[in-house]
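Consider the two complexes below, in which chain A is the common component and chain B and chain C are the respective partners.
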Partner chain A sequence: MAITTIFNRSTSDQKLLDRVNQWLANTVKMLLPAVLGMLTFLILWSLAAQNIDTSLGKFPGPSVVTAQFGALYTEHVEEREKAQLFYQRQVQRNELRLVKDPNYQSKIRLYTGKKTILDQVATSLITVLSGFFAAVIIAIPLGLLLGLNRNLNRAINPLMQIFKPVSPLAWLPLVTMVVSAVYVSKDPMLDKAFLNSMITVTLCSLWPMVINTSMGVASVESDLMNVSKVLRLSMLTHIRKIVVPAAIPLIFTGMRLSLGVAWMVLIAAEMLAQNPGLGKFVWDEFQNGSSASLARIMCAVFIIGFIGYLLDQAMLLVQRLVAWDKSSVNQ
Partner chain B sequence: MKTHLDISHIDMVFPTATGGFTALKEVDLKIKKGEFVSLIGHSGCGKSTVLNVVAGLHQATRGGVILNGEEVSEPGPERAVVFQNHSLLPWLTVYQNVELAVKQVFSGRKNAQQMKQWIEYNLSLVHMDHALYKRPAEISGGMKQRVGIARALAMEPEVLLMDEPFGALDALTRAHMQDSLMEIQAQLNNTVIMITHDVDEAVLLSDRIVMMTNGPAATIGEILNIDLPRPRDRLVLAEDPQYNHYRSQVLRFLYEKQRKVEPISSVKVNKRPLHNVANADKTRQKQAK
Partner chain C sequence: MHWMKKLTVAAIVSATTVSLIQAAELGYPEKEELTFGFIKLTDMAPIAIAYEKGYFEDEGLYVTVEAQANWKVLLDGVLDGRLDGAHMLAGQPLASTMGYGTTGHIITPFSMDLNGNGITVSNDVWAKMKANIPKNAAGKPVHPIKADALKPVVEQFHDAGKAFNMGMVFPVSTHNYELRYWLAAGGIHPGFYAPHKFDTSGQIDADVLLSVTPPPQMPATLEAGTIQGYCVGEPWNQQAVFKGIGVPVVTDYEIWKNNPEKVFGMSADFAKKYPNTTVRVTRALIRAAKWLDENNNANRAEAVKILAKSQYVGADAEVIANSMTGTFEYEKGDVREVPDFNVFFRYNATYPFYSDAIWYLTQMRRWGQISEDKSDEWYKGLAKSVYRTDIYEVAAKSLISDGVVNATEFPDFAREDGYRDPQKHFIDNIVYDGRSPNAYIDKFKIGLKTGDKL
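Let's turn to the complex of A and B:
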């Protein structure tokens, strides 16, 4: 008995070891090219950087940019401390005044210091998601309608083909003027710059979703349409049970494309609309023209790229959770 | 017995770029309640068109379909269709696929509990009650087709329309499905119209075999009454002279009277064997060495 357990354990240990080895080998095989690629990029980048002289000094290489990441983080921490002190002082002052005058209505004023890079990332994310979801709400029903009604599709398709390639920079001035004309209130709930960027994002990210959704709907197998006819499904049940599920894979393809477009567009829109996000950060640094500006913009470039990647992965995850046909979800 | 389903003098003309194409001409057939009718004919002779007109998926150019004294003008669950490639909704489970049909047909007439029982009963008829919560992608082709049949049966149709229901299945599964269908038919006594390419299947299952001429302007060539006692057993029938007589009559219709000459495929057929013979010779030579 004892011998067999020892024997079993040793074989299971061996198996575990084998598996670990296998995993290591696989990981190395997968990661090695990626690491090599990254290293090559860093070397080429630093070589190139050394040879580019701009009016703001040498183009920042990898080490300068890394240092700047640290600096940006330190700024963020310092700014947060300042804010905390500001609020502390207010509380103390209010307490003192209350002692002097018990009827005093105390107020807390908001800290209006500099936005840090993390604040800007947060603003950008909120803006892009608002714009994207507004686009989802418009585009998917529109896509369903266009897919279901061939004549409507014929009517709207030419317009879509024309609007689809329009750059956000062309929309933005129009959006800005319309928003300032239409959105008039003394105490605006939403910042105009935010609205401008958001609407621009919506306008640019609509089209991939509309087109893919309508394609998904139009390509429902005719046999399934016949099933629906034989069952005399009502329009609503027909859409809910047959059309939407059949179109789901393409709807998600459209949503992923749109989210990518939305993120790209957002940076440009923020630059021009002066919405306090990553785009404005880049623009401000460019205008600022300090010796660190280029390095800080490079930091923004990496942050923008990384967030774009995360957004795409998040979309993929949602698609995996929702899709009935798991094989339709690909990288 | 009174006529249940009357396919009355149907013409079908499809519009094409070069003018109308007459697919069907004067198709006329009266079917009694509980009768099992097979449509047989070469491919392209318009069998499916006849079925689609009865289903209401196509509108006949002339003539019409009368079910229980009323004209059929659109599809409906009282004429359930079993499609050639099952047509289950891939995003629904086996149970949900049947449920969709049952909810549609029996809403207001059955409560939730009765519907559940009815769905399970119909799936047990086709011996699929073990896989209620599987998706179509997780079951075999034969199983999918059985679920398709259960879905059609669950609508309690007046007429069951089957478009080559077993065409895509392998021979063994097909034989098994035919036996199941006969069993169900004996139990429920549905009126069935089935399209088939398979002569044995037609003789085994049908009360009448409707043989169609080649298109264009296809029509009913001959009708053969199959007067064999039920239940029918394929093994016993294989030796039965009457069965073989029916079989040869259908074969004679298809391959003598309505022989279809397809020049392109005959060239292929001639080439293949020659090639194979050459190969066979080579292997024989090798073996000899």
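Let's turn to the complex of A and C:
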């Protein structure tokens, strides 16, 4: 009895080992090209960098950029320490003043120093997500309506085709002027710069979602439509039970496309309008024209790329969770 | 225990600097959170230093310092209240108060610095100019280099049917007037403005076409060949030397020794609404300027490090240091001592002299930005409404009574009337007396004179 157990265990161990081996082999098979590709890129990059002389010195190669990542992080840590001291001084100053001037409404003001790269990343992320969600709230109902009503679709489609390819740079001056004309308040809750970037992002990321949603709705199988008709489902139930579930894969495809667009648009908008965020970081460095500027811009490029990738993966994950049509997810 | 707590607090209070006791007399700032704008130039230093050294905080001010894209955006920011104050070109508050360009009453309680600009030409133009410049014993060009050397080059361009373009940073910038002054002193006509005919290009009758380029973009525009030269503040002249794309030929120190450069501008409404804040900002800036010049520029090396940070000027420290630490590099390798290239505090640099304002006004008249004759009283009245020596005086006196600055480091307020004595050190040796602007305007060979109208 005991022997068989041991025997069994060893076979199951063996099986496990095989599986691990197989997995390793697969991973290596998958990773190897990726690693090779990466290495080739690094080699080509450093070769090219050595041969490009700009007026700001040599184009930064991989090692310079890596060093600059370190420098950016150090700056961040130093700035945080400065902020800490700033708050300490402020508390002391407030206390002293309260002693002399008891009516003083003391308060703690936010740190006035420079925004580090991590602050800029946070600002950009908040802006892009707000702009994107604003677009979702508008685009999906609109897409559903267009998908359900053929005539409405015919009416709006030409407009959509015209607005879809408009670059954010064309929208931005208009948005800026309208926001500063319309959004007037003594103590604004939201920063104007934030609103400008956000609205530009919304305007540019609407269209892929509207189009995909309406396509998704229009492509609901006729069998399902018939079922709905036979059951005499109410309009709302029809949408909830038939239309939306069937359109979900395409809706999410649209959302994924939109988020990608939103991220690209945001960086351009921030650069042009000098709104806080990664785009402004790039522009500021360009203006500084120091010998480290190009390397710092390269850092920003990688950060922008990496965050864009993460956003896309996050959307994919959500898509997998809500959609059951696995084939569309794998596309 | 309660009494002990009280005692400790009392001890802290008495231990704090005199400035806090003074604070009660001066009054607390009405507005504590401020945003100041600047353009990436080394002469924004007083703002950066006042921030980094805690001088703003000493006044109970929490200041955010923000780089602006160009001078127009900056001026609009001050006028629409997005900015509470800014590093400005001396001509900006004057022009905007009189209604040339963007209109709005701007005042300045503090003059930020003297000198600090240079004129750079492209390598190609320099090669041609060099033949016309006499050499000293060491074989180096004799300074100051006058525009006489440039004149044949401009004529060559014209003979070839090409325009000779130069960049300056803003129509009412000190750079525009300095560049015009230098060109005209060498017999080159820089062109007139005629705002009453809606011609604000400044290119009427011009031998050299001047146009606006934001300071940080100057080197790139020169490199692209769009312009053949420019007049700009530091570090953008030294940047051209470092990058090997141009050669600075003359500094404004040589065009007019110790000329007033930037001012700190605020809207008149702001100063009226928040008088204590305005005085306190002025106090912090005076202290910063003093720090910059203290002990014979001893702090300049530290200032360079601060300015090189990406949120301020952001150029390489060695580029900034080249001009900030008392030298100036002309042609590559031709480094000369110019100890007063940047002056922040010496020679009463921070006091907003009426005569400084009037000099800029005379140049606006000379080149047609002021299209018709104005009386001497008009010049003086405008200068007085923009250059607020009264605010400066309150700030300076409170600093004296705090023991932070010696009275000897300021003008004698009891006798000061706001006019410098007639100034002689111009490249063309014409004497300037701010008390009689119209007589001064008539001294120039090139330019509008009294009675002239385009």
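Here is the rule we go by: the second predicted complex is superposed on the first by the 311 of 331 C-alpha atoms of A that agree within 3 Å, B and C clash if a C-alpha of one lies under 4 Å from a C-alpha of the other, contacts with A are read in each partner's own complex, and residues count from 1 in each chain.
Keep in mind that, in the parts below, a residue touches a chain if its C-beta (ideal position, glycine included) is under 8 Å from a C-beta of that chain, and two chains touch if they have at least 3 such contacts.
Because the structure is a prediction, the values reported are computed rather than measured.
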{"item": "First, second, both or neither for A:Asp223, with chain B first and chain C second", "value": "first"}
{"item": "First (chain B), second (chain C), both or neither touched by A:Leu231", "value": "first"}
{"item": "Which of chain B and chain C A:His76 touches, first, second, both or neither", "value": "neither"}
{"item": "Residue contacts with chain A in the superposition, chain B compared against chain C", "value": "C"}
{"item": "Partner chain(s) touched by A:Lys58 [first = chain B, second = chain C, both, neither]", "value": "neither"}
{"item": "Contacts of A:Lys164 with chain B and chain C, given as first, second, both or neither", "value": "neither"}
{"item": "First (chain B), second (chain C), both or neither touched by A:Gln287", "value": "second"}
{"item": "Which superposed partner A:Pro245 touches (first chain B, second chain C, both, neither)", "value": "first"}
{"item": "On chain A, positions contacted by chain B and by chain C", "value": "none"}
{"item": "Contact footprint of chain C on chain A as seen in their complex", "value": "55-56, 89-90, 93, 96-97, 99-101, 104, 109, 112-114, 274, 284-285, 287-293, 296"}
{"item": "Chain B - residues contacting chain A, complex", "value": "55-57, 74-77, 79-81, 83, 85, 87, 89-92, 100-101, 104-105, 135, 137, 155"}
{"item": "Chain A - residues contacting chain B, complex", "value": "221, 223-224, 226-227, 229-233, 237, 241-242, 245-246, 248, 324-325"}
{"item": "Chain A-touching residues of chain C, taken from the complex the two chains share", "value": "9, 12-13, 16, 20, 24, 28, 32-33, 40, 51, 54, 57, 60, 62-65, 67, 69, 216, 219-220, 223, 239, 243-245, 308-311, 313-316, 319"}
